[in-house]
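Two complexes, one shared chain (chain A), two partners (chain B, chain C).
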Partner chain A sequence: MVMHTVSSYRFESLEETISQLSKEDCQIIAGGTDIMVQHKSPRGVPAKFEKPIVFIDHLKELKKIYQNNQDIHIGACCSYSELLKHPLIPKILKVAIQQIAAPAIRNRGTLGGNICNASPAGDTLPLLYIYNAKIKLRSSKGERLIEIKDFIQGPRKVKISKDEILTEIILPEVQEEGTHFVFEKVANRRADAIAKISFAGSLRLDEGRIIDARFAFGAVGPTVVRFMDIEQTIVGEAFPLDNMVIDRVVAGFDRKINPIDDHRSTAVYRKTVALNLLRYFLKKRAFKEGHRIN
Partner chain B sequence: MIKFKLNGKEVETSAPPTLRLIDLLRDEFDLIGTKEGCGDGECGACSVMVNNLVQNSCLIPIGAIECADILTIDGYSKTELFKILSDCYSEAGAVQCGFCIPGMVMASAALLSENPNPTEEEIREGISGNLCRCTGYNMIVDAISLAAKKGDGIW
Partner chain C sequence: MLNKDISTSVKKKEHDGKVSGQLPYISDVKLDTLLYGVLYRSPVAYGKVRSIQLPPLPAGYEKIGAEHIPGNNFVKILKEDQPIFANEWVNYIGEPMFMLVGPELDILYQLLEQVEVDIEEHQAIFTLKEAIEQKDQAGIFASHEFGEDLDVIQSIEKNAHQVIVEEYETGYQEHVYLEPQGMLGIYKQDEILVEGSMQCLYYVKNALVSALACEDDEVRVIQSPTGGGFGGKEDFPSMMACHVAVAAKVVKKPVMLLFDRAEDMEVTTKRHPAKFKYRTALDKQGNILCMSVELFLDSGANAGLSPVVLQRALLNSAGVYKIPHFHAKGYALKTNTVPNGAFRGFGAPQSFAAIESHMGHISKKANRDSIEYKRNYMVKQGDPTITNGKFKDPVLLEDMIMDLMKVTDYAKKKAEYRSFNQKSNRYKKGIGASFFLHGCGFTGSGERDHIKATVKLAKTENDGVQIKISNADIGQGVLTTMSKIVAKELDLPYEDISFPYPDTKVVPDSGPTVASRTTMIVGKLLERAAKKLKEQWQSGVAQEVIEHYVHEEMIPWNEEKFSGDAYPAYAWGINFIEVEVDTLTGNVRVEKVYGSFDIGKAIDERIVKGQIDGGLVQGIAYGFMEKMTSKSGRIQQKSISDYGPPTAMDVVHIESKLFDNPYAGGPYGAKGVGELPLTGGAPAVQAAIEDALQISFYQIPVTPEYIIESLMKKAGEALD
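The block that comes next holds the complex of A and B.
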């Protein structure tokens, strides 16, 4: 048997890693929890990759978490477990991370990996969308920032050049006080499951009125979706919301969301559950003490 | 050459970097205590410790374990902590076919080292990545709870 092997790199520094990426088109591997399954070979045979591999999960430069003014900067290679333990990570993001996989994968999978894998069902993505997270990319030519909604183009497709690497995820102006958050994931099993549908919502109130509303749905389209035009329609409304307002918002999403049938769920189920989760959040969930994050 | 620590010994391998850790352990080092169930990171049978953190060895390319400290069930079974877990698994009747047990023990060990007095809910969370198709989990939860008490002070 001819063994299919490719060259691989594991540099001591981010600089050397970036320098290699400027010379050669490589496959970056962080935790590997998705990519090793996608590239799996029969038992005992190395996972098959067409491009040279660059391992990055050990790079200290990509494991920092810090605050800059109101923004929280998260290194791309922070594992889920590291995020769960860090005091700067918003509580609702921890609630979502707690629902990702199980301890063994949370010790290995990374936030940057979850984003670059760009699954429509990626567990951290709905919250990153409602936070308006920014992605910092670096190459030998310099750095650039891109909004997460522009970075993720479709299933497994992200807007990154061959010479770039995702270095940081930035959560701008995180304000937990006075904001009601929710993250919901519906799947076959509580641990180690891929979402059939996921939903993140936030409502920010001031003197009984909504001053900011954000809703994101996962696994209902090729990417996570948000509709700012609908969100805008409830800004200024008194809270608790009138039933007619709730009906109007739910009907708005009913027209916009178009999920598909696949091996994990059906379009009808996905749409029904998505709208129910939204309605439940608008009606009840936001009142519940256990889901108030402040 | 990839160099790392395996069950307390410095070792090296010339196997390709995208080989999975589970294949390296079983085929090159004959450490067959670690089992492969699903090969997708969903069943936990292949659990090992990497730098004291429980991880799925079916998802780890060996190129990523340079300099790491790997502990498998074959190494862990020589420790005092294992004896407590082993006794408690027996006492609680937590082992039936046994295939999930090496992974279940590694997940138990990881949980107790981080949280020596877990609640039932924390135990269930700690082993949530490990599937057992025989016991219905209750006896395994009992075993871990018993181990927490019997090993009080040493976890």
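The block that comes next holds the complex of A and C.
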């Protein structure tokens, strides 16, 4: 029998893990909920890995959640289930996490994993984009911060060096008070489903005027998309928004979003629904009742 | 147990094994010298095989192909058109061309990748639309036409107030049994033994006798515990059995063939996509003057069971209605796609979705409530069937409908939803209903002429009784229900009846586990056998009794003319379904599901409830969720999450009710229940979505994509 052996590491500390990464090109596995599927062999044959594996799901250093001024720091290896239980995690992010897969996957899957997998349909990503989330990367040489939109380059493509590890996700200046959020995942069923399109939005109001607006769409392009130039055009507008303004914003997105046809849905559907959800959010007369989840 | 009503539930025979995880399925079987098989599948939809080039095979690895088949190179089903190994022509992408066998799967997969085949490609037919357009050249596996003379229809249409012309389409449906297909062939000195996941032991055995060109006692088939079938393990396992049996005979070792989910979804049979064309003439008040329907089934690349599926589709083409001057014509057409086969309902779900949709649309044209409208045409006891048979037993549809209208408070709910929908922009609510039947057992004289079921009961010296039939428990409870029938008749505790997984060496051919026939037909034979055994009972003596099928006198079925009684009995059902549609996304939330059924008499209430809940969920999902597409001959959805069968989160509690209506020909009055509950799901959910959106739909599944497209069209029309 041809034996495929692969070395694997499970270090006690983040330091040792990083030290190993500086010496050897490894495949990092956090929850494994994407990696194991991607490396799956046909029936009866174990998964195949080209590189040594480094397990990081147990590292305590990567499981912390804390607040620093207004910023929320989330350890990359916090599982979705852990995030759902934590008081510091914003409510709307919990709304998104609650819709990921099913309990077993939520017990394993991590926020850092969702980011590094960099699927345009990643369920936490649209919200992380509108939070302007910062990604903290560490290597033996030191630490650096990068904006999520710069970190994610395309499907399964992130800007990370072989010796780096994603340690923290920082949500800067989280202001839940006075900001109105929406997250909608549209999929073929209510669990264990991959988004056909997802939408996250936030509007921050001050004395009846919009002082901050952010919109992000998932599964309509190679990465989650946000168009800050369009967002800027409604800053300063009176709320509720005038229909003309809404039409203008929707038309702006209509020109910019270019989804595709695939085995999950159609380009027409994705675009129509994306714009429907945006318009619905913009048309809100007031922010009292949330939309229905699922 | 003794004095209890037979409907009272008991612990299922295989309960402990399943709940503890100890029951071994075929993929759990490990044998010392076991070899695995992997199939090389055609990469081309239609073409002539020029050459096959193999990489050098390591010791212990072999190619098994058409050249190794001692008998005929076709899978014995109905027609001789399905090769075991396609060595001359390939007819669909995924068609097995040969098998590589060897001890290590890893190596087998690598070898498969190094195979080179040269196939001369020919113009393939990929869609039902193309097959209909070219049907005279492309291949008709079967066709039937019956009903009113076309001259008469023409003259009625000429004088009609209006003629409604409507087309309707239904999509693929994948079985998604929990356990993928699996088969094991074991070489023995004097026989080839095949074990695996299957519904029809003797179909498999007959296919083996033909492929191996051997005597009846040189092959033996044992059913292994089977994790769901839904028809998917009716015809398909015969091919796999031929693969492993031929291989085992060559290598003289056990050979296992197991599919993983992706392979299973890509290449195994599915529900036939179908197209319907209606012409219905109405008078001024909207009453039906005549109706003609043409229906087309996409059979895929070979006939398989399609001719029989077509029969059931046609027999149900008028639904539960007595339509004046009805005419029907149907075709099973060839396409170069994965062969379609048996699937719970067997052609009827397509027809019911179509006729219920069409009747609903006509009622809208006539400005009448669809339930009220349909009730005018509902068949009653004594009415003729569309093939001039007779509904000889009581028909309880009217009572069932009245009851559910009361339970759901139908009129009030309709009004409530109308006013809710006026106020709500985003979400719209609706309620819809479906009325349906299922002809139990084989069509026409199939039981008498083809199946000729035989059952045995064997009593040991210790007075234990064993059931010997070839019917397979595939999760639906056959082990339990059959044991209950025999126990009741013999006045023995249910636990004293044993019913091992069937083995053709031990059990006679009591027919396949299909067509909602097992409880009604085989159960009745067992009831009679048990009665006989009781009369002859001698304690401490080994005894055996045999019972054969006795045909009930009916209006004789004529397959040529499509006339007479197609079925001995009918099970009936109605569904009411409530939905809420999100008009921004087209997503549908099923909020309430009601089902009332007349299955004669329940042999075990909990098992019946399982059939109802499972069937309804599968039927509802067929109507709006499960979407499978084929692109250039390739199935696009290869994972469960992409195909999207419902999860527990998508399903609500199902309110179901049984109406007792014992049928003399079934054990304790039981009729079939397996297929019936699936049939009404799709049409009821479509009707509910139509009610919510006030839009007509012309195909299932009514996906969010289809809903959004229709809403856009409606908005466009409103602007015009």
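Just so we're on the same page, the second predicted complex is superposed on the first by the 285 of 294 C-alpha atoms of A that agree within 3 Å, B and C clash if a C-alpha of one lies under 4 Å from a C-alpha of the other, contacts with A are read in each partner's own complex, and residues count from 1 in each chain.
Following the convention adopted for this analysis, a residue touches a chain if its C-beta (ideal position, glycine included) is under 8 Å from a C-beta of that chain, and two chains touch if they have at least 3 such contacts.
The shown structure was predicted, so the numbers you read here are calculated from the model rather than taken from an experiment.
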Touching partner for A:81 - first (chain B), second (chain C), both, neither: first
First (chain B), second (chain C), both or neither touched by A:6: first
First, second, both or neither for A:44, with chain B first and chain C second: both
Partner chain in contact with A:255 - chain B first, chain C second, else both or neither: neither
Chain B versus chain C as contact partner of A:105, first or second or both or neither: first
Partner chain in contact with A:23 - chain B first, chain C second, else both or neither: neither
Partner chain in contact with A:192 - chain B first, chain C second, else both or neither: both
First (chain B), second (chain C), both or neither touched by A:36: first
Contacts on chain A seen with chain B and repeated with chain C across the two complexes: 43-45, 102, 190-192
Partner chain B, residues of chain A touching it in the complex: 3, 5-6, 8, 10, 29, 31-33, 36-37, 39-40, 43-49, 53, 55, 57-58, 81, 101-105, 107-108, 190-192
Contacting residues of chain C [partner chain A, same complex]: 36, 103-107, 109, 258-260, 263, 426-427, 584-587, 589, 625, 627, 629, 636-637, 640-642, 644-650, 704-705, 708-709, 712
Contact footprint of chain A on chain B as seen in their complex: 15-20, 23, 27, 36, 39-44, 47, 50, 53-56, 58-61, 63-64, 66-67, 107, 110-111, 125-126, 128-130
Chain C-touching residues of chain A, taken from the complex the two chains share: 1-2, 4, 41-45, 102, 184, 186, 188-194, 196, 263-266, 268-269, 272-273, 276-277, 280, 291-292, 294
